[in-house]
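Structures given as structure tokens follow.
Each of the next two complexes has chain A plus one other chain: chain B in the first, chain C in the second.
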Partner chain A sequence: MGYVAVRGGSEAVARAEELVECLRLLGGSTPLQLPQIRDQLRHAVSRAMHEGALYAPLLAALAVKQAEGDSIEAAFLLRAYRTTLPRVMASLPVSGREMFCLRRISASFKDIPGGQMLGPATDYLIRLLQPALAHEDVRAVIAAAERYAALVEAGKPQPGAWGRFPKVTEYMRQEQMIVDVPAEPAREEPFDITREPLTFPCPRSARLQAMAQADTGSLMSLAYSSTRGYGDAHPTLVELRYGYLPVHVAHPLTGEPVTIGEIEATEAEIASKAHSVTNHAEPPRFNVGYGFAFGQSELKVMSMAILDSVLTQARIGSLAGESGPAANEEFVLLHTDGIEASGFVAHYKLPHYVTFAADLSVLDRARDHHAQRQSRLGQLVDQALTSDSR
Partner chain B sequence: MLTTSHILSCSPPHLVCALAEQVLARYDRDAVTFISGPRCVLVQLRMIEGVAETVFNAGEILVTETRLELAGQFGFGMVIGRDPDHATALAVLDAALRMPGDPHADLRPRIAELGQALSAAYERRFAAAAATRVEFETF
Partner chain C sequence: MSETSDQLYNFALLDEDAKREIRRKLLKAVAIPGHLVPFASRDLPIARGWGTGGLQITLSIITPDDTLKVIDQGDDESVNAVNLRRLITRTTGVATTTDTAAATIIQTRHRIPEEPMRADQILVLQVPMADPLRWVEPNLERATIMHSEADYGKMWVYMYESVVRAGDLRIASQYPVIVNRRYLMDTTPIPRWDVPKLHMADTLYLFGAGREKRIYAVPPYTVVEPLQFEDYPFRTEYRPGQRCARCGADNTFLTEHFVSDSNGGRWETTCSDAAYCAKRVAQMEATA
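Up next, the complex of A and B:
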């Protein structure tokens, strides 16, 4: 085998892409339509959108189809598409309290204003496969419409009852239960990681933006490590809400707010155990973290909120015991972006013939050296050097 | 209470386009001058986080935007998603509703009707979720 620099392979690359397309359809099943993916694979579409940092459900469905269900690849496609469009403005700041909630739960307080609604959730089901799903046809669609009408009836629609509720953290703030996040130098605009390089320590707005587009699995793994013993997180869910969030922009002529539609979104606040912060003159409070994602993405926002809380605790120096990698902001933010991480790992599939040729030459020299050291003379010299160093 | 822009951006696009068609029927074809669009662009979503109520950039939203003049009156339309007809209809209606002397006042009752239908849809949407409300038993 020779190790040399190469070029070429364009035809093979084109045919490889062709083969992917063929294999996707050769099974003979009906090609997937985008509305089917958007409606019936909601979580895959949500994940592509929040990790791709672009809210566009139908395009996300296209990305999921093109990536054949690979969530990181789908997010990559969306993020790449995003770079082809100009950004014309930022929305007016919107709070989760404007959300029309379909789901709202708290593990901290039993009685929250407006009550708790489980909404669309499978958390409480036994994980058994449902064979009936394998044989669904149009009758299932009709039956779903009837069941939905029955649910609406059971929920008793009332004028003006659209699902808007105060945030549980508002009550906690009033009661001075929440630790103040560390003060930061004032900025006119929140940090934008798509325009400015991240430097550490970074503003909390940069941390939240980076985690909002981070890989769900990476965030979950680090959040889990911190709760399991490689850290100091003791989380309790203050509130998790999912629903429709209206988005407003400023009218370019008058500046007045203009609503441009609604997006599906999930957000969570998670409290960590009480502590007395660094200023022991202040009464103990809870440290609370925040998580947000497009679509219905509960593990993502909970993991993000846990990490936000851990990183704030690390910043104010109130961590107890082992801090673990989840408390290192640079480690967390630079290793949880799925697109960057997957790109770096995947690039090792590309030819590295020149690099490896250099490695081989180093290996040859190391082997020669090793053989020399194995000779009688080499062993005597090594022995003499070792005893000399003592 | 839903605002006019909320009603028009969240109502079924074909109904909003029908309203815009009514407006356009009162003008010559050359009364409309496109300034920009309809075009797909991005809007950065600014969220207020729930802990300290500070603002951060949460990701971008694909929108369609149209800016035009209708008989010299500026109109702006923006809607989430790819829908050039809806965005242009919003711009036409924005211009029509801003005209001095309110010559399109007859649009307002139609918009109010759309608002009532949207409110009813929201009430039904929430009622389905409200059916899953938890009633805790305390031991």
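Up next, the complex of A and C:
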């Protein structure tokens, strides 16, 4: 059963696009400049980048502008651009330990080696609208620059002791609290879901890649379901860090690592409750889930880490109680990609004249069948009644 | 509220109708110990899951004469405690304290203070999950029927399986209890160490779950029994010989944390009830 082409539609499609353009500008306000979006809509840009799976802040700002702030559409635009790019080479593995941190917190221990660093966070903000923001002008920019300079001056860290921190997981591994870094079958490069189809069971690198570009809301919803009752997640945040992470590649001639730049990123590690008796030969340890995304994307990486932990436990059979949809790897990975899900849900706007005509004929046949059965039933009832009354 | 700021907002933020509803639900909760009472949880300027249930109870019962203490994981200085205290004092102007004995209302997350609380004090607990049956029956409609019929068989099976699989009643915190020999109740993620403090206490315990929209209570002098088997009795985390590195207490709940020193630092265990620990240290210094 095929789809019918939209007929006489070229003109309509062109006019529809024009209308979208007009509506965006018709209000007469000053057109947004990309640096404004990049700097002042940081989270929209981050989200476009991690869900679009392309680290390109200015292009992401363009996508946000073009999509008029629609996060899925912005990610879609970036992803559609990414697919046209050649994959030059894979970067070398990088550890979150190398991150130049703007923020790092742990919910597992009150104090951690290197200390807790709250950094830029809105978590504790009392959510009151700030009317002053409505009338901000260039003086506010100058004032902010001065305040920032004063903050930097006041909080100057010890030379050599800032920016990079040991990881809380290192200590927990030393103390045998959490499982070792899982061994993956030796592959030259991690699984790339843009080059190989995702089939199940899939390697963990495929799972992590799929979730790294998944829709934040979808991951959040499933992670929440698992922690709320339709699952057995019981997460504890071992560490969340946000900052700049250097990217290295192997020099094509010498093979030496070369730093080619840095990316703004967020990383989370989550320990599951002591439920995880992973291997009967070994003493029980906590499981660890991992989350990573471009930009400052804390909800995304925490959701991802929770799901990674749940899926690992489901794989090794250490979940107890209700497992729920979040423990089903296929369910999670195949329904959380925002681009795929939004595309398919929206496709029901396409003409379905043929399929619907076919549905209608099935409905007609069902009605006929129902009517016949009713009339037969009616006859039988009539017969029964008349025989009774005799 | 101060004359100068926030005239936009009512005393204790919530409107009086919301407070009245919550107080009525609290009365019902006190009358049926351990029973989950639904309430129309209001939106607040802090995020769900960060203490909105406890906060709504505190805001509904607080009066200008109260003295408030807010703790998070036992600590008055924890960022979320600071934040909630800031919101409550900003909208009520009440006095605050870190001293358990001096407070009339204590709002807490994940701990019951070490110092025994009195009959004239109220402990408000923030609740993330509300229903211990969630572990075995996530569907609210079915769980409600199970509660009404005191049908806790599934929970006992869960406990039994945890003994068989992990050799322990492997519930670290949020240990389920039976209240007044009738209702199965979630103790919130307090450590096991705190669970016995609920039993036949002098104090009123109020529980608020904002996201789950439930209120429940343990009135004073109520029987609160942890779920346990004859051959697998309930045990707390207490380990003989372990003591606080700061105040030396051997009868408190301890947490592990990292202390920096000239040798790069070390891990040590100290009281999780930071104010109690500080009080003991001050007393020792005064007598020394």
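The definition used in the following text is that the second predicted complex is superposed on the first by the 352 of 390 C-alpha atoms of A that agree within 3 Å, B and C clash if a C-alpha of one lies under 4 Å from a C-alpha of the other, contacts with A are read in each partner's own complex, and residues count from 1 in each chain.
Simple rule for what comes next: a contact is a pair of C-beta atoms (placed from the backbone, for glycine too) under 8 Å apart; a residue touches a chain by one contact, two chains touch by 3 or more.
Here the structure is a predicted model, which means the values were calculated and not measured.
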Worksheet item: So, does A:Pro284 touch the first partner chain B, the second partner chain C, both, or neither?
Response: second
Worksheet item: First (chain B), second (chain C), both or neither: which does A:Arg38 touch?
Response: neither
Worksheet item: Does the superposition put A:Leu54 against chain B (first), chain C (second), both, or neither?
Response: first
Discussion item. Looking only at chain A, is it chain B or chain C that touches more of its residues?
Written reply: B
Worksheet item: Can A:Gly115 be said to touch chain B (first), chain C (second), both, or neither?
Response: both
Practice prompt. In the overlay, answer first, second, both or neither for which of chain B and chain C A:Pro190 touches.
Written response: first
Worksheet item: First (chain B), second (chain C), both or neither: which does A:Asp123 touch?
Response: second
Practice prompt. Could you look at A:Glu269 and tell me whether it touches chain B, chain C, both or neither (first, second, both, neither)?
Written response: first
Practice prompt. Could you look at A:Lys300 and tell me whether it touches chain B, chain C, both or neither (first, second, both, neither)?
Written response: neither
Discussion item. One more residue to check, A:Lys65. First (chain B), second (chain C), both or neither?
Written reply: neither
Worksheet item: Between chain B and chain C, which residues of chain A are contacted by each of them?
Response: 110-111, 115, 118
Fill in: Touching residues on chain B, where the partner in the complex is chain A
3, 5-6, 9-10, 40-63, 65, 67, 74, 76, 78-82, 94, 119-120, 122-134, 136, 138
Worksheet item: Where on chain A is chain C touching in the complex?
Response: 109-113, 115, 118, 123-124, 126-128, 171, 228-230, 232, 273-275, 277, 284, 320-322, 324
Worksheet, complete the sentence: The residues of chain A that touch chain B in their complex are 49-50, 53-59, 82, 85-96, 100-103, 105, 110-111, 115-120, 148, 151-163, 167, 169, 178, 180-181, 190-194, 204-206, 208-209, 212-213, 239, 243-244, 246-249, 251-253, 257-263, 267, 269, 288-290, 292, 294, 308
Worksheet item: Tell me, which parts of chain C touch chain A in their complex?
Response: 45-47, 50, 73, 75, 79-80, 82-83, 86-87, 129, 134-136, 138, 158, 161-162, 165-166, 170, 172, 255-260, 265, 267
